[in-house]
Amino acid sequence: ACGTDEEDTTEGTEDTTDTTDTEEGTDTETEAADFKAGMVTDIGGVDDKSFNQSAWEGLVAFGEDNGLSKGSGIDYVQSANDADYLPNLNRLVQQDYNLVFGIGYLLAEAVSEVAGQNPDTNFAIVDSVVEGDNVASITFQEHQGSFLVGVAAALKTESNKVGFVGGVEGDLIKKFEAGFEAGVKSVDPSIEVVSQYADSFGAPDKGKAIAASMYNSGVDVIYHASGGTGNGVFAQAKDIKNADPDAYVWVIGVDRDQHEEGVIGDTNVTLTSMVKRVDIAVQSVSQQALDGEFPGGEVLAFGIAEDGVGVAQTNEEAYTAEINDAVEEWKQKILGGEVEVPATDDELAAYLESL
Amino acid sequence: MFSNRMFNILVPIISVVLGLIAGAIIMLGFGYNPFQGYLALIDGAFGNAYFFGETIRQVTPYILTGLAVAFAFRAGLFNIGAEGQVIVGWLAAVWIGTTIEAPMIVHLPLALFAAALAGGMWGFVPGLLKAKLGVHEVIITIMMNYIALYLTNHLIRNVLTDTKDTTDRVVESAALSSEWLMTLTSYSRLHWGILVALVAAVFMWFLLEKTTAGYELRSVGYNRHASEYAGMKVGKNIILAMVISGGFAGLAGAMEGLGTFGYMPTHSAFTNIGFDGIAVALLGGNAALGTVIAAFLFGTLKIGALNMPTGAGVPAELVEIVIALIIFFVASSYIIRWALLRLKKEGK
Amino acid sequence: MLDVLQSIIPIALFYSAPLIFTALGGVFSERSGVVNIGLEGLMVMGAFVGIVFNLAFVDVLGAATPWVSVLVAMVVSAVFSSIHAVASVSFRADQVVSGVAINFLALGLGVFLTKQWYGKGQTDMVSRPFYSTDIPFLADIPIIGPLLFQKIYLTSYIAIIAAIVAWYVLYKTPFGLRLRSVGEHPMAADTNGINVYTMRYIAVIISGALGGLGGSVFALTIALNFSQSTIVGQGFMSLAAVIFGKWHPLGAMGAALFFGFAQSLSVIGAGVPFLADVPKIYLTIAPYLLTILALAGFIGRAEAPKANGQPYIKGSR
Amino acid sequence: MLDIRKEFPGIVANDNINLQVKKGEIHALLGENGAGKSTLMNVLFGLYQPEKGEIRVKGKKVKITDPNVANELGIGMVHQHFMLVDTFTVTQNIILGSEPRRYGTIDIKKAEKDVSELSDRYGLRVDPKAKIRDISVGMQQRVEILKTLYRGADVLILDEPTAVLTPQEIKELIGIMKSLVKQGISIILITHKLKEIMEVCDRCTVIRKGEGIDTVNVSETNVDDLASLMVGREISFTTEKTPAEPKQSVLNIHELKVLDARGVEMVKGLNLEVKAGEIVGIAGVDGNGQSELIEAITGLRKTESGKVLLNDKEITNLTPRKVTEAGVSHIPQDRHKFGLVLDFPIGENMVLQTYYQKPYAKNGILSFNKIYDHAKNLIKEYDVRTPNVFTKARALSGGNQQKAIIAREVDRSPDLIIAAQPTRGLDVGAIEFIHKKLIEERDKGRAVLLISFELDEIMNVSDRIAVMFDGNIVANVKPEETNEQELGLLMAGSRKEKVGGE
């Protein structure tokens, strides 16, 4: 490949263009030489700054622990569209991978099918549940993390109005929404939560329009769970901030720390992010598989307790100690079982009732 | 030596070869090995039974959307709306496939029919507006695409399921998938839909070339005024063309819903099956046989491309570039003909 | 009511601006008789170049970065569009086919090169996008000021000015008269000594520049990075605006603004009292439904330039 | 022009042609359809490059590589098919390509003034601000002439200028030509109408099958000589025909009112009868409702009120298909727009209305053997010159396209044949053939309705003439009892006493 390494930004990211020598490099001399773990991304790709990237970072970290590198022992395949999931999974199976991850709930059906046909290969699905003795289902308690950023939003808001921007409506994104609203209301039931969906994870124009309309109507903190649509939310927040450096607008990122997206001049509009540690989950499941303890047939729910979800603290100026303390406090309540965070509309209604 | 017929066969072949050569040059330019790249592509499309099955599986909807676009073209209409028609056809097929119980001999045809009908309805609206009010079909079909996307998502979440992201699986009696085909191709998702697609191609050829209805459609496509003069109902033919075109695209949706997937997820973006159909149709010269061949080429390239990153380290997008160049060369067939004529003259 | 307008208008304007630029490009091309389905691809190219250039030169150019970026995007897209010109003017290609090729090629190249240069499927976010500003003086006018001139992207106004300029060029200058004659009756133009091929080349290249402008403005105001899903359908919406606007620059601008307003209304609908009870799905599809209704109801038949889509072959009849 | 040769793929369109035009003369160029007249003129105008030969202007050898060069040399051409952008105004069309400017903008004021001055100088009387699509064909032609004058042409080529004009317009055009010549402009006139040549031309060059035959002084020749020079054989002009024997009434129109596309009433309570075995000619200036009348009879346009009866059965507002099935054939005025699907093979064009009937189709399936056999027969019978039945209609010459249409329409053995300008733009040979066919059909007992702007044709072919003016039949006359003068006046709307006398 031609030297494009200078773009190699984030710590764990492999130089993915480093490809020509991977072909010859199949005869590696590592201890785990005959263990191979691969992953199939959804259409995002391993550089989506979101959970595909995070998953890959986890796999890379696992590789580093065990002397594996891309092309020899670990690898990924990116899907160009929905119909590619199955062939991509199969591709890895046929290349004798021992463990194959399907990253994203969109791959659930495909994983279920391939797993049924290939009982000798281990599979893991992220963000969904697939039955089967050779499948580990990795789920996250996003509602717990969302609850915590909800607490942060409630403490940060001055207008007593916060917003939620979702991608496409569905069970998964509902967890974010319900958890967030529960968190906000737990701090102060009088705070209004407006939420709106963009009907797309890839429509920054709609994201920006929704954010503009929310900020315009007095919302000052927006939590987005909308993939690329969120770009528009950041764009709008930064634009307001640019026009008026004193403007009080915040964005809460999702899946990974979106601090970088919030940078504008010397300040940052990213209050915090609900971080989903797909890397930790992937790394831990891979390690278990290598160690012969693959949790096949189990549904793993990575939550606060497993460090599977968390709250980013990068923006020290905005994410104050006071907020941090409160978040920490609620975190303990969740860990202690005092608070059962709702994950659906019904649960949310019941939870709000109980407040 | 070079008869007209020879030209018609030679020009697309030369276009494909030129496109591949251009792709090879790009690969060389970026430091990849073009032989490895194309080997990986061929391997990824035909390397074993599984990949072969997947290739055919991908070809299936392409044939149908290609036919959809081609059919409309022949009647003088540009159907950018195949995409939306695919989506509503998919939903209709899955709807019937999940909610009804019936023996396969009834259920499967019914589900297919529902898909064709839904796609047809989606083509009917722009057809009607074009025929009655002269509204340009291009805008309407573009708008109908978005409506299809959002409306089906809404229906999946609120009507077919209780706020779920995917529908249930279609029951056995409505499924195109076949255990036999799957085991034959080491569990690819090859399904019987390819037969549906081929039958559709024959149907289109027969309808257009052999029947009075086809004569009318072609006549209207070439010259509306003369057709009206000759006693044909121009409006009716425009609507009919859009409905049949939409029906083909709707069937493409059924291929996904009853075959490849067996269910329908909510879509956060277009499937692109319909948009790719435009390229397939144009590559195939808007003729039935040509469309089938073009769909094979397209499906091969698309599925083969998936193997290029792991097989040879070449980004799969390279294939998009190759496809674009092939389309470009096909479009520029005039210059290829011209060059061939020059060659022929010099040869003499 | 004023409140509602105040939230609708800025959204409509930033949403419309990229569509206006691109649709104007479409008007130039199609007025000269070259159908341009490739607008989507031209926008993709513009978005790609705009972002890449911005990322690469932000340290050198400072505050001027976004402006220089869109200029570079215009130039590169103009060059890129000459492929369409060569095919459809010189090679007598089917213009629809060639336009489809442009769409595939732009996306393929954009994503391929992004992977080559950044080693991933999407670029970083630019640190110097376009920001909205208050327009001096105009912003202080009561009522209209806050409505139209505060917190507005300059690019939105440039788009509107561009539409007026395009109208002026097409309808008031010799160049415009010649360009339109070539799209209506190329042989008549030819017998009057106008070089049909040159005119069409120029028109297609202008459409490339404007499409590139539209794409880069979209990327630098809204998406802030480039990936394969940055431009998804905006080019087709622009094409719709060209036809909706009856191939007239001001009409195309009006259509693009209409899309912007409809989209904006659909987004803010949930917060507007009289729309609050409308089920969400209706709001979501409203922009598209409204367009269809508008066309069916009172816009009706539009006449394309007569020679649109036909390659001109000297000496044939 | 000396020894010009021009080839097209597979055909020599011009060979060994010499043409010399003197200053201030009107020089006719005569030849059959496809003889190569237009091609020769296109060579002169720079649209085609000749393979051989040379062109001299005022004694100097020149190379005319494109129309700009021709314009600079003072050569202007009015094409057979008008080169006008019909969404533009008269002025815009005239200045296109050499626009007067002010600050980079078109100085439209100055342009309009120039145009009206120029038009006044030559007595052309055009409205500089009118849109081309709104003005008559005759006006459009004047715009074409103005275009060349605006560019300072002193040699003017007119390619079949009179084919599309009404008698009045032709008269005016001849006047215009004469005044142009007086001002020192030379004119090359292409026409198939020998009478016109005799009337205005000084000399005449004849081309036959691409070859130059001769140049003669018009004053030393006559119509018959010219004709035989052109075709290479003797030719008769007055169409032989026996007196008509009208029988039962076939077409009956009562108080018909029809609106045009803009909603203006164009046919205003018209009454007309055509009997079996007679040819009724409708004389009239274009735009007096003829097109709307035909469209209403054939079902292409809805009527406002009134009745159309065919063989005593009402066919008012039936669909075109039903009208055709009832026994009406229609040779349309615009053969490219209505008469043919140019991209269909000529064979398939032969069954444009009957493709769904036996034997061409059974149960909705076409029988191509039958269709092409039928086409072959027609092509032979009507002498349509085409390489074969699979050739696209587009590739046939205008005359042969028209023959194909006539073959198709006549062969259906209809009760009523509507022939709208059936000979427009055709050469004498083809015209003779078509007129013969129409009369033959009449003699077989069919009713023929002939619409033509050519008085010659109306006078020669009709058994009865109905003069149409302002949406009404204003006079019914017999060709033997009238003359062109009188008809011309009637067509212009002067209601003569004769009407009452009828």
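As written, the chain order gives the labels A, B, C and D, with residue 1 at the start of each chain.
Methods note: contacts are C-beta pairs under 8 Å (C-beta built on N, C-alpha and C of every residue); 3 or more make two chains touch, one makes a residue touch a chain.
These numbers come from a predicted model, not from an experiment.
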Centre-to-centre on C-alpha atoms, which chain is most distant from chain A? D
Pair sharing more residue contacts (C-beta pairs) when A-B is set against B-C: B-C
Length of the line joining the C-alpha centres of chain A and chain C, rounded to whole Å: 34
Separation of mean Cα positions, chain C and chain B [Å, integer]: 28
Quick check: how many Å separate the C-alpha centres of chain B and chain D? 47
Multi-partner residues in chain B (2 or more other chains touched) are 30, 150, 269
Chain A: which residues touch two or more other chains? 2, 78, 199, 202
Residues of chain D touching 2+ other chains? none
Pairs of chains, among all present, that meet the touch criterion: A-B, A-C, B-C, B-D, C-D
Per the touch rule, the chain C residues reaching chain A in their complex are 6-7, 10-11, 14-15, 115-122, 124-125, 127, 129, 131-134, 151, 218, 221-225, 227, 229-230, 232, 234, 263-264, 267-268, 270-271, 280, 284
Residues of chain B defined as touching chain D within the complex: 210-215, 218-219, 222-223, 225-233
Chain A residues within the chain B interface of the complex: 1-2, 19-20, 22-23, 75, 77-78, 80-84, 86-88, 90-91, 94-95, 105-106, 109, 113-114, 117-118, 167-172, 174, 199-202, 345
Given the complex, residues on chain C that touch chain D span 172-174, 177-178, 180-181, 184-185, 187-194, 306, 314-315, 317
Of chain D, residues touching chain B in the complex: 298, 300, 319-325, 330, 332, 337-344, 348, 352-353, 355-356, 361, 364-366
